[in-house]
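Same chain, two partners: subunit A is paired with subunit B first, then with subunit C.
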Partner chain A sequence: MLIEINDVSKKIKGALILKHVTLQFKGGLVYGFQGPNGSGKTMLLRLVAGLILPTEGEVLIDGARLGRDIDFPPSVGLLIENPAFLPGYTGKRNLELLADLRGRVGDREICEAICDVGLDPEDKRKYRKYSLGMKQRLGVAAAIMEKPDLLLLDEPTNALDEKGVEMLCALIRRERDRGACVLVACHDREILDRLADEIYTVQEGCVERRPL
Partner chain B sequence: MRKAIKTEFWKAFHNPLLWLALAGGAVVVIISVRDCIVHFAEWKSRVYGSAGVSLRSEGYSLFVFALPYDRHSFSAGLFRYIWPILAAMPYGSSYIQERRSGVYNQVVTRIGRKKYFFAKYLAVFVTGGAVLALTQAAALLADAMVLPYWKIHVTLIEVLTNGAFLSELFYENAWLHALAWFGMVFLLGGSAACLTFFAWTGLRLWTLVSIVPFAIIFVTNAVLDRITGTGIIHNTGIIRKAFNVLNIMEINHPAYPGFSRLLVVGVIVAATLAVGYIQVVKHELD
Partner chain C sequence: MSWIKLAFHDIRAGLLRKRYLLAPALVVFECLFFGECADLFKASQTLGDMMLFCFRGIWPININDRGQDTRIPLEWLLIMTGVLLINLDYILFDLTRVGQQVMLRSRSRYGWYFSKCLWNICSTALCFCAFVLTAAIVTLVQGGELKLTVTPEICIGIYSAPVPLTVGQVFMAGFVAPALTLAAFSMLQMVLCLFMRPVLSFLICQSLVILSLYWNSPFCLGSGAMAMRSQWLLSDGINTGVAALFALIVILISVSAGAVKFKHMDILGAED
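Showing the complex of A and B:
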């Protein structure tokens, strides 16, 4: 997988959120984005996910332009902002509903993903009863369950305890080793140092590579 | 597309708001039965003792006084005002809720915006239409428990005026006519439910989103009234405007002869498809 961001700018309500960003991402690597709140990290991930389109420039996924040739990357798993599920159903049922949309994975893969993040597939509690940490774990499970080629994680360590962070790091490494291109936005520099093959700092819409 | 539709319908039919809307419809049905019982008692006291007069000769029938036909009862008045809310309640707010919560992101990145939109539109339409059609059908059947279902003869009492919705069929086979009417109610309710696509994501509460179709119809009425100047206040005290869209649920309303309601359905469907498509597929809220 090759993702090319070519001279991309994004303006929202007159404010320039991303300024002439040019980047390239390849499969089998973890890319970290570090920066303060409001610096444009989430916006960058949303652009790559196809959830918003650039005001200027282009985003290419294996040569196909987002918004023109394709609406979304063909194989993407994402956890952007907060984990989002239907509150009236169990975690597993939520993942089943999402998995049914593509039909790429079945019950076994869903249970595996839930176990991978340290949750119980047989847990009968509804999502609304989950703790913040459990919600975050389920969000990670939804992102990885279909073994996507592109994995976008925005502040994935939010609400996770120490053990949860370790679990997450192991999962991200596993996904990278599988060949996925992993983009992680995180304000915690230490975690990115442990995980990322390349780290970028995002500051007021400008993205610069930072030496490891 | 099939999977997207299946998932949306699964979510719609497991949505507690659908059951709440059906409960609202059940309340209307109960009030309708009560209206019929009260009516029946009054009617009987008037008819008894008069020479040569019977309930039948006076046109006392289900097909005159049941909810779909009687425009003057309390239940009919209530239904006339709440039907857009009942239609929107089951699933109308789901798009806004999914958009706000982020579930939308999870779904569209898997199936694309177009499939998501059309599956959502279909689910909103069907649930909204089904709740209204079921309410009217249940009211007719419940009212049949307390009213005789005598066939109405056109010379006896004019329930449906000539040119009204399938009026000939009504006098030939009232049950079949009722079925056709429920189909029309389904289309009207479904299209009205889709007016929720006019809502914007700033509306946090499902209650506010569910009121959007009513508000749109109310404003449309006011505008049409202002343009046409056709507002009429009857001596019954019921405000009946010729173009009052709320009155479209009155089977014999003079403003909606024949299949003219289909035109209204078509206009609403075209408008909601256009607005929904722009909102969901094209428009970037960020």
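Showing the complex of A and C:
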């Protein structure tokens, strides 16, 4: 897995949100992003996910250009901002519905993912009754359940308790060791120091590598 | 068969909603009104009468004719507005929430978008079926018959003309043309939502609905949903078939324009 961001700038409604960003990401590594609120971390993840397209420059996923050759990366797990699911279904049913779209994983993998994030696959409560942290955990489960090659996590520690954060770190390491390319935007510097193989700072749309 | 799975998502997330209960309520309201009129004529009505009545609209308004009855057909406006409101927010709601997860997994922007177009048609169809079903129930309750003919006495009472409409003409003016017109408005509104705020998109479509009260032409979208504008009820009326065809063309143009826009659109989070 190789992701190349070549000289990408992004304008939204007249505002320059990413400025001449050039980066490369490879499988088997964790990339951390930190920076002040509104600096462009979430936009960078949206860009890699194919949700927004560059105004200038290009994003290549294994040589295929996003927005021209492919609409989205072929195998991606995404958790951006607040997770969103159908409120009237249980957590497990929600994951089943999503997994069914690709048909790549079955009941066993879904249950595993739910257990991995510390939820109960047998829980009969509807998603709308979940607490904030439970919603976040389910969001993480949805991102990892299909064992994607590319994992994009935006503030994954949001609303998680201490044990939840430990669990998340272990999961991210596991995904990396499996060969996934993991991009994490996080405000907690300590967590990034522990997890990330490379750390970048994002400042007003510019991205720079920070020495470890 | 990923499009079937996408369609199922839209049925679950977009069609199984309480708001569709509004549709029968709109027609009950209208039918009760009809009940009052029908009592006056002491004639037993049919489903054809009822549907033509629901989508009768008004005669063309002539600004220069001072003596003319220009009462705005409130019930008709309510039906048109009701359908627009029922269909207003789903595409952007889904796009900023679980729809993003669905789209990433389907790996195709077009697939996701066309699934929304299909949802839009289904949603209008669901509303319309609710209309027909409600009208049928009200007809039966009032002792009428489920026929697609019109009762001459009722025609005289409401349209001041004993027009002998054929079953085909009733089907066209009371079912096909209104359904296609509603579908065209909904589709136009959905696609406009990709270009502007939903409120603006709703207001534009609503303005077109109101415009059609004052402009009598098959190329004015709302006219197709007004039986009283049809050449079958009015000597200088519009061709209902052309109006229906025009609605179909509006649907096709809207869908294509939306597809071009959506292919390169930025997908952001929910705006609160």
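Brief remarks follow.
Keep this in mind: the second predicted complex is superposed on the first by the 212 of 212 C-alpha atoms of A that agree within 3 Å, B and C clash if a C-alpha of one lies under 4 Å from a C-alpha of the other, contacts with A are read in each partner's own complex, and residues count from 1 in each chain.
Definition applied: a residue touches a chain if its C-beta (ideal position, glycine included) is under 8 Å from a C-beta of that chain, and two chains touch if they have at least 3 such contacts.
Keep in mind that this is a model prediction, so the values were computed, not measured.
Once both complexes are superposed on subunit A, the partners subunit B and subunit C clash. In the superposition on chain A, no contact is made by A:C115 with either subunit B or subunit C. When both complexes are overlaid on chain A, the residue A:L132 reaches neither subunit B nor subunit C.
Applying the stated contact rule after C-alpha superposition, one finds that A:A142 touches each of subunit B and subunit C. Using the contact criterion defined above for the overlaid structures, shared-chain residue A:L78 touches subunit B and also reaches subunit C. Contacts of A:L101 after superposition: both subunit B and subunit C are touched.
Legend: residue contacts after superposition of the two complexes on their common chain; A:L2 is shown touching neither subunit B nor subunit C. Judged by the document's definition of touching, subunit A residues 12, 46, 49-53, 71-72, 76, 78, 80-81, 84-86, 97-98, 100-102, 142 lie at the interface with subunit B and also at the interface with subunit C.
Across the complex, subunit A meets subunit B through its residues 12, 43, 46, 49-53, 71-73, 76, 78, 80-86, 88-89, 97-98, 100-103, 142. Of all residues in subunit A, those touching subunit C in their complex are 12, 42, 46, 49-53, 67, 70-72, 74, 76, 78, 80-81, 84-86, 94, 97-98, 100-102, 142, 146. Of all residues in subunit C, those touching subunit A in their complex are 2, 5-6, 9, 12-13, 96-98, 100-110, 264, 266-269.
In the complex of the two chains, the subunit B residues touching subunit A come out as 3-4, 6-7, 10-11, 14-16, 101-113, 284, 286.
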